[in-house]
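First up is the structure itself, then whatever we jot down about it.
Chain lettering (A, B, C, D, E and F) follows the sequence in which the chains are written, and residue indices restart at 1 in each chain.
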Amino acid sequence: MALVEYADAAPEVRVVFDDIKATRGVADVNNFWKALAVHPPTLKRTWESLKQVMAPGALDPLTKEMLYLAASAAAGCAYCTASHTAAARAKGMTDAMHGELLAVLGMAAETNRLAEALRVPIDQGL
Amino acid sequence: MALVEYADAAPEVRVVFDDIKATRGVADVNNFWKALAVHPPTLKRTWESLKQVMAPGALDPLTKEMLYLAASAAAGCAYCTASHTAAARAKGMTDAMHGELLAVLGMAAETNRLAEALRVPIDQGL
Amino acid sequence: MALVEYADAAPEVRVVFDDIKATRGVADVNNFWKALAVHPPTLKRTWESLKQVMAPGALDPLTKEMLYLAASAAAGCAYCTASHTAAARAKGMTDAMHGELLAVLGMAAETNRLAEALRVPIDQGL
Amino acid sequence: MALVEYADAAPEVRVVFDDIKATRGVADVNNFWKALAVHPPTLKRTWESLKQVMAPGALDPLTKEMLYLAASAAAGCAYCTASHTAAARAKGMTDAMHGELLAVLGMAAETNRLAEALRVPIDQGL
Amino acid sequence: MALVEYADAAPEVRVVFDDIKATRGVADVNNFWKALAVHPPTLKRTWESLKQVMAPGALDPLTKEMLYLAASAAAGCAYCTASHTAAARAKGMTDAMHGELLAVLGMAAETNRLAEALRVPIDQGL
Amino acid sequence: MALVEYADAAPEVRVVFDDIKATRGVADVNNFWKALAVHPPTLKRTWESLKQVMAPGALDPLTKEMLYLAASAAAGCAYCTASHTAAARAKGMTDAMHGELLAVLGMAAETNRLAEALRVPIDQGL
């Protein structure tokens, strides 16, 4: 799998990399963006969507990041689980919060599968 | 799919149903528990685990419920998505918070799949 | 979704339906086969593969059917869960066996997700 | 990902590790438990649930282990597939049984997806 | 689940609905967009992304639609499978093409699971 | 995980390997087939099914291969994604086509999850 480094990137890719670095205050972009750079329109669209979605709003940045991690771990994406665990820690997730998040994830997985295996009908009014 | 109603439940099932109703302050248990009552040991173990996992801790109850919802929606469980959306709303999730949670879910799904389709290597140090 | 009934079926479809009915000793085929009949080559290939795979071998028919149910429930297929639960019951799965199968399914879901969320390295020698 | 070794483990973690080793008759616990030890309440709860679920009952230990493997493989968990394949072999799964289990898994995956892609309605009476 | 109809929609929602109707030449938008209208920023962003992604490019519209259908069916999304099957048919997918797409989907599901259950190492050079 | 090399293969395995090599014009078979050779009946059945499904028909070989890739990536199978990306490139998938396929995959993942999280009812007439 090719990773596009800044030095080798086309101008339209550099513009996105520069915005990621400035927005996040980091020296280099993650491998995800370097891999996505093989298709510049998808790189640009994905970054702009992500920036909009993760901006503070009714939910604070840490909560958003933990939701992102929960969804990624539930989907079994190893890369995403690793990078969003790191991002959540950088935003303030403590060991205790991580442990409880893991406990919720595991419990959800168990009850999700039991609900499906039993074909439980949705409760009236929901 | 059989749902076990309180009136027809064995004593060991009633004990669990009573504890769910008392803990949650509800008049009746959800269909999930009525379905799970077909196997009393699993009913008892699952409820006791859930009660422990969802108790307030380093994460507040609303955050735990939204994480549960995110994991359930990411896993595609319709029953669980319906019931945990209702539970999160009961714990204070507003329309705006729900909208942002959905946006994070959608974004996570997209980037999860792109990361896997591109086989992105995990960033050094993670 | 169109379901192809025997009366309306092309000869190549009837041949497969006849074999399913004879092999299983049933009066009519399940909806799955009626739906699959929209593409006769896939109907024929799928049935022949299934017949070969589910024949008694090193594993007995009930164990095979419970494995099929476990895999289908883990994959979240509602139709498949319903039909393989029925098939397993017809082959001798009792309430107690079903309850234990559900417990294993739920436990597997929980530990699967925890193992992935923690990115546990595979034990040496495996 | 941190793995907690016995020598570095807190007393509450050692109690669980000791019980795993005694129950299974092994010299050391698997990486899964060492990773889970980052959150001792989840370690304890998960082990106690697993011990209860996997105890002999209406289903024998080998059948339970093969169901665990089928569910784990269907969920795509590499760690779990590796460890439960080893566990099933240790409980008596032969090459022929493993081959047939794989065949059922593959067949289930194919028919699961076809049933969903065709949106097959659940058969009457199920 | 609330569906927002045009008559009840806020101006920012109507702008998106109008663009969907004009772009697709349809009298009303699908339920998906009516449901997504509960969060107008997500509605707008999702539609604009979709319009860009599905525009003709190196791949023709029918191929894109069939890829969308394959991905949706593989993910087990019933709504998406139904709507993208209809969309692909509207763009020229014949019964024979649909049948072959289903056959590929089923085969992929089977070999995906076998490859994971066997933990096949990626071939050198890939 | 054992990989069965040609030199060590039983005659029934060699027959399949020979047919794969002749059909595809390759010097050696992929690891998938070497792994599957641990169960010769599954090896033979899977190859014969695959050969039939991937033969040219109403859909051309490149379209079939891209559908296979889309389904495999949506299912999160790393081995399958790697091998079918290579196969699609060998059949003519350009960088631009790959980029657009990735964009469709990502978009499908996002809208699949939103449709499920919102429990969107299937549109009338579908």
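What we mean here is this: contacts are C-beta pairs under 8 Å (C-beta built on N, C-alpha and C of every residue); 3 or more make two chains touch, one makes a residue touch a chain.
These numbers were taken from a predicted model, which means no experiment stands behind them.
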Any chain in contact with chain B as well as chain C: A, D, E, F
Any chain in contact with chain C as well as chain D: A, B, E, F
Furthest chain, CA centroid comparison against chain D: E
Remotest chain, chain B as reference, centres from CA atoms: F
Chain D onto chain F, rotation angle from CA fit, given as a multiple of 5 degrees: 120
Length of the line joining the C-alpha centres of chain A and chain D, rounded to whole Å: 27
Distance from chain F to chain C - Cα centre to Cα centre, in angstrom: 22
Separation of mean Cα positions, chain E and chain D [Å, integer]: 35
Touching two or more other chains - residue numbers and ranges from chain D: 38, 41-42, 45-46, 49, 53, 71, 73-78, 82, 99-100, 102-103, 105-114, 116, 118-119
Chain F residues touching chain E - in the complex, by the definition given at the top: 1, 3, 30-32, 35-36, 38, 42, 46, 49-50, 53-54, 57-59, 63-64, 66-68, 70-75, 77-80, 82-83, 85-86, 94, 96-97, 99-101, 103-116, 118-123, 126
Of chain A, residues touching chain E in the complex: 41, 45, 49, 52-53
Interface residues, chain D side, partner chain A - complex: 38-39, 41-42, 45-46, 71, 75-77
Touching residues on chain B, where the partner in the complex is chain E: 76, 95, 98-100, 102-103, 106, 113
Contacting residues of chain D [partner chain E, same complex]: 73-74, 76, 78, 81-82, 102, 105-114, 116-119
